[in-house]
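Given below, in the form of structure tokens, are the structures.
In the two complexes that follow, subunit A is the common piece, with subunit B as its partner first and subunit C second.
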Partner chain A sequence: MIETFTHSNYTVAKLQIKEANLDVAEQFKTEILQLIDKGQNLIIVSFENVAYVDSSFLGALVSVLKYAMSKNGDIAVVQLNKDINNLFNLIRMNKVFKIYNTLPDVFA
Partner chain B sequence: MFLHKNQLAVATEIVRTFHFNNESKSIHSLLTEIVSFIKIHLPSDSYEDKISNCKQILIELLTNGIKHSDTASSVITIVLADNQVSISKSDSGRMFYLDDYTGWPPLQWPLEKKYLGEKIRIYSDDINQLYAVIENDQRISFELIEYPIGTLTNDTHLMEHYGLLILRKLSDEFFYAYDPSTGSNLFRATIKLS
Partner chain C sequence: MPQIQKKILLVDDDRLILMLFNRALIDGGFQCSTAQSVEEAMILLGNDTPDLILSDYQMPGQDGFEFRTRVLNDKRYKNIPFVFLTSYTDRDLIQRGLDMQAVDYIDKETPVPLVVSKLNNILQAIRKEHEKSIYEIRVAAEALNLSSVPANPPVIEGFSLNFLYKSFEDYPGGDFIDFICIDNDFTFAVLGDVMGKKWGAWFFSFNFLSYIRSAIRLCVFDGDLSTASILQKINRVIFMDPVLGDVLSTLSLLMIEHKTGKVHYSGAGDLPLVYYNAHEKTCRRICSSGLLLGVMQDGLYNEEIINLAEGDQMIIVSDGMIDFELNGEKKSDYDLFFNFVMPMLGETNSFDLIKNVTFSADKRKHLVDDCSLIFIEKIKTDK
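After this line comes the complex of A and B, so read on.
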């Protein structure tokens, strides 16, 4: 579900799904937790391919953030479309996650 | 007659129902169908944000149906009237549980009149508290209290349930009703268009 590559100390996890919903939330969580357990605890989740997000996926995202923080890591998000960005702002996830417009912004 | 650009350009009530089989694989096609229907009646670009809100409300109501209703089907009803859009999900499945009520006896539907106005906590963490407010013996609305978000630490308690919170924040009015005589559940979110 995710395609990963590393850059500096970061692991970019690019979502290979169009619908980030309850069907994929658990698998997403499992794959990110595995990365963190391997020591890749600074993760940038790219939503470039994602059309919409539901609350189940947001819950999974918060869950992996808490796990990453417990390992002195962090999760940021990048390339949110307008609707997803509005949703993050609406429920103040923009104050919980670092949000970047583009991948180069992350590494700038 | 000249209408304000954000005023719904219809004089009569427009109602349409959609059937949902409570399967996640059906969400995308149903979502597309319902949003297309709404767009037909709200064609102006000035409604773009309202339609986006309708879409997210639908996503959450359909997801709620799959996760919590414990029944094989739901009905989604869209009503465009009085310069607002209302989106309802009804089913005959599991009723909404007010789990965090700690008084005795446990709350049961229909809710006793003595509880009118009482607030029952549904979710809480360090940045949000979501309450059910008992409006009458068959209906609750939702109230959200938000706290300032400071620097997150390992000790910060964050919940992982956002469905009702999203529905509350996107709607001008959002309620749940249970009819004990028919066993039917209803969630309704209303968005004002101007």
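After this line comes the complex of A and C, so read on.
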């Protein structure tokens, strides 16, 4: 579901799915929680391959953010397509998550 | 009623069989994707979830049984009905397949029209079972008086209030609507969406609604008539709740002052309110600033006050109203929705126009989520 690599203090978790929906939300949550429990609590979730996000998946994303924050960590998102970016702005997820256009922007 | 085409994933190493069945299934009204190996099938499953898998037993590399095991071990796929396709009538093989929770097996020698009928029957039986379960949940919800929408809109002098609600596949819960009249002075209109209904979150909408109903009343009894402050109080309760804190919900909260026509509006992660100004004949969107309920301790809620004059209209909607499915691709597009309803506002029958278009049978078949809408109009009085 996710492919990970580390860059300085960050762990980049790249979603390997086209539709981020109910079917994958729980598994995504499990995989990210495992990373946080291993101490990797600064996570960048890359949506490069994702075309559509539904509300179940957003729920999972916020849930892992809350967990990361309770461990003094943070979760940012990167490479949202236009529709997903609009959705994030529309429901104010842009105030909850740091959003970056590209991975180099994160590390800039 | 129009039927959505069912999707079948067909797996067989024999290209000829694949072509033959692919053709027959398409002719039989199915959408079909084909894989020549288990690996290929797993990739297809990752891209799109079929309604049924039809797979050969014997294939080079991983065979049908190994495929079945992989599918069963993946909770994303384990509930997809699985049918074995076989050229054997070996009872042991059939038994082994059925023991792996395959719903049936089909002999490759079976005449094609029979295969189509058999698949249709299987899908129909599953559908019926599903409908029966949903029906039982609905009956239980009704028996417990758990309703997420009121029976009728309230009647307020000088205003016309109405709402539309269509639940996705008739599951109860998900979106919720409520109107709370306080004396004869104020009416609160509530529209919320518990996100992630399909994974069972709908069940929480009743809890949310209870919280919200009591919070509004308690605030009003305490003299708090600010929608932003009420939202923040609800937010804090949900943020600290160990169960509800993990469930996200949007909320639009409106307070209508009956005498002045003022409407106070605050929102939590909700979609912009559509406001039609009758005097200017203009339509604009009003955005709230607050976060989804329960995300952060401080939800950053603001409060907009809109002075409704005679003929002015406003609508608030849940996100299901802006979901569209075009050529199998899903997208959420608020602008598309806004431009779609704009020409219908400012008419004497605006609500009916919107209802007829957005809730037509043709639209409903593309529903991918609950759809809700609240419509408020300050009625013109004859002077």
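Quick note on the criterion: the second predicted complex is superposed on the first by the 108 of 108 C-alpha atoms of A that agree within 3 Å, B and C clash if a C-alpha of one lies under 4 Å from a C-alpha of the other, contacts with A are read in each partner's own complex, and residues count from 1 in each chain.
In this section, a residue touches a chain if its C-beta (ideal position, glycine included) is under 8 Å from a C-beta of that chain, and two chains touch if they have at least 3 such contacts.
Values in this document were obtained by computation on a predicted structure and should not be read as measured data.
Peer 1: When the two structures are overlaid on chain A, which partner does A:E3 contact: first (subunit B), second (subunit C), both, or neither?
Peer 2: In the superposition, A:E3 contacts neither subunit B nor subunit C.
Peer 1: State whether A:L90 touches subunit B only (first), subunit C only (second), both chains, or neither.
Peer 2: both
Peer 1: After lining up the shared chain so the two structures overlap, which partner does A:D37 touch, if you call subunit B first and subunit C second: first, second, both or neither?
Peer 2: Neither subunit B nor subunit C is touched by A:D37.
Peer 1: Could you say whether A:D105 touches subunit B, subunit C, both of them, or neither, answering first, second, both or neither?
Peer 2: neither
Peer 1: Should A:Y52 be classified as contacting the first partner (subunit B), the second (subunit C), both, or neither?
Peer 2: both
Peer 1: Kindly classify A:S70 by the partners it touches after superposition: subunit B alone (first), subunit C alone (second), both, or neither?
Peer 2: A:S70: touches subunit B, not subunit C.
Peer 1: Which partner chains sit in contact with A:E26 here, subunit B, subunit C, both or neither? Use first/second/both/neither.
Peer 2: A:E26: touches subunit C, not subunit B.
Peer 1: Touching subunit B and also subunit C: which subunit A residues?
Peer 2: 19, 22-23, 52, 54-56, 58-59, 62-63, 66, 83, 86-87, 90-92, 95-96
Peer 1: In their complex, what parts of subunit C are in touch with subunit A?
Peer 2: 46-49, 75-76, 193, 195-199, 201, 245-248, 250, 269-272, 289-292, 295-296, 300, 319, 329-334, 369
Peer 1: What does subunit A use to touch subunit B in their complex?
Peer 2: Counting only subunit A, the residues touching subunit B are 19, 21-23, 52, 54-56, 58-60, 62-63, 65-66, 69-70, 82-83, 86-87, 90-92, 95-96.
Peer 1: Write out the stretch or stretches of subunit A touching subunit C in their complex.
Peer 2: 16-19, 22-27, 51-52, 54-56, 58-59, 62-63, 66, 83, 86-87, 90-93, 95-96
Peer 1: Of all residues in subunit B, which touch subunit A in the complex?
Peer 2: Counting only subunit B, the residues touching subunit A are 24-25, 27-28, 49, 52, 55-56, 59-60, 63, 66-67, 127, 146, 149, 152-154, 158-163, 165-166, 169-170.
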